[in-house]
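Structures for review follow.
Two complexes, one shared chain (chain A), two partners (chain B, chain C).
And then the complex of A and B:
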């Protein structure tokens, strides 16, 4: 597999799995407006995944659906950050914000890519991600504006920080650290990143749910 | 806080009341309104107004039953036409002469 395909699948898998995780809030988010907004963000992420899978599929001679649903859990290349089941709001927001911050850094490098297809998809994604970032940032401000919120956010960030570093390649990590520390106004510990390729047990469980319908029908079924 | 949301379906059309969003502040309200009333490309623009900022008028006393000030059941078209003919301004009227 080419380095290009590997990169496309890594990002596509991040977006698909995070979209899936975020959609777990549909119907049970803290209040109705947030439910609609967060579900919409989840759908956008899955849309981004599809666009990236299509690019990868063209190279591999397969389809986006096959890449999304027909691989084994251990073949996914997503960062463990997106695999975690975090049905607790402060952690969900912390994960969402850490991911969007890392994703912004990653998209900036992709937009500058010599590969016009990759640069094009990255620019399109970034126009939607801008609103995801606005959503994440407003929540961070909200949490930082009270002692209780700050405490919950800090706890969540400390827990997720090694995972957040794992979203990016080595050379982009210092930028993520700088942005997160500046925003939170505190230093984060030197930790070993949780890298791609190592999967959380929760991924297999998620995969089971995610592919249930597809696996229930014979291969090649038309929907 | 409750925000009233108005949406414009196409450029140039009037904004119409779409519904409300409940949000802690304007920033949240904008994000929520965008997702609730714009994510399906059903709007080209939205207006958000805090409900508290809306001036409402809801009382219209008519103690002496001034029916003649109401226009229901009263065709003004023909009378206007006659008046315009008398004044020689028929061709200036909206819709011109072919009424």
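And then the complex of A and C:
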């Protein structure tokens, strides 16, 4: 597999799995606006995954659906950050913000790529991601505005920080650290990043649910 | 249609202008600015089309509607989906923006030169019902990926705004 395909699949898998996790708030978010927001963000992320899978599929001679649903859990290349099942609000917001911050750094490098297909898709994704970032930043403001919120956010960030570092390649991690530390006004510990390719047990569970219909109708479900 | 008539570019554009957006049917695909190019080569009609929002479920219905329209003209459609960055809400035509407003959707604000931020979106955009600018942003996200929710403090009507992207 080429380095290009590996890159496309890594980002597509991040977006698909995080989209799936975000969609778990549909119907049960703390209030209606957030129910709508997380559902809409999920839809965007899965749309981004589809476009990236299509580019990878053209190279591999397969289809976006086969890449999204027919691989084994251990074949996914997503960062463990997106695999975690976090149905607790401060952790959901912390993960959302850490991912969107890392994703902005990654997208900036992809938009500047010499590969015009990758640069084009990245620029198109970034138009939508701008809304995800505004939403995440609004929540960080809100949590930082009270002692209780700050405490909950700090705890969640400390827990997720090694995972957040694992979203990016080595050379982009210092920028993530700089942005997160500047925003939170505190230093974060030197930790070993949780790398891509190591999977949380929660991924297999998510995969089982996500691919259930596809696996139960191998000839293809008709709607 | 007379058999002698050859399908022209303007026939194709006119036909595409009759296809409503599946989710906001007051506006056509041409108004929306998603048709990037049309090329007629004898009986083959090539259409370059680009998605608005990447996760929009209306993409497939739009493609099928275009294929059906071209077939009605007696030509063979070939739709090429462009996944590049060739669409922004600035591509919605002035007519399209008026149609949105008339249907109760605030049209998208023009893209700012710099980065889009929350402060710009919290501005008092005009209410499509009463024209007041005493409106506020209720939710960046709405019932479809392309919409935000706003509220008019004068006529007390919630309304949707096409997001600026």
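Everything that follows uses one rule, which is that the second predicted complex is superposed on the first by the 218 of 223 C-alpha atoms of A that agree within 3 Å, B and C clash if a C-alpha of one lies under 4 Å from a C-alpha of the other, contacts with A are read in each partner's own complex, and residues count from 1 in each chain.
Heads up, the rule we're going with is that a contact is a pair of C-beta atoms (placed from the backbone, for glycine too) under 8 Å apart; a residue touches a chain by one contact, two chains touch by 3 or more.
Here the structure is a predicted model, which means the values were calculated and not measured.
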Clash or fit, chain B versus chain C on superposed chain A: clash
Contacts of A:31 with chain B and chain C, given as first, second, both or neither: first
Touched partner set for A:63, first chain B, second chain C, both or neither: neither
Touching partner for A:211 - first (chain B), second (chain C), both, neither: neither
A:130 touches, of chain B and chain C: first, second, both or neither? second
First (chain B), second (chain C), both or neither touched by A:138: both
Touching partner for A:50 - first (chain B), second (chain C), both, neither: second
Comparing the two partners chain B and chain C, which touches a greater set of residues in chain A: C
Contact residues of chain A, present in both the chain B and the chain C interface: 33, 36-37, 40-41, 131, 134-135, 138
For the chain B and chain A complex, residues of the former touching the latter: 21-24, 27-28, 31-32, 34-36, 39
Chain B partner contacts - residues on chain A that touch it in the complex: 31-34, 36-37, 40-41, 131, 134-135, 138, 141-142
Residue numbers on chain C that touch chain A, as the complex places them: 51, 53-56, 83-88, 115-118, 121, 138-145, 149, 163, 165
Residues of chain A that touch chain C when the two form their complex: 33, 36-37, 39-41, 43-48, 50-51, 54-55, 116-117, 120-121, 123-125, 127-128, 130-131, 134-135, 137-138
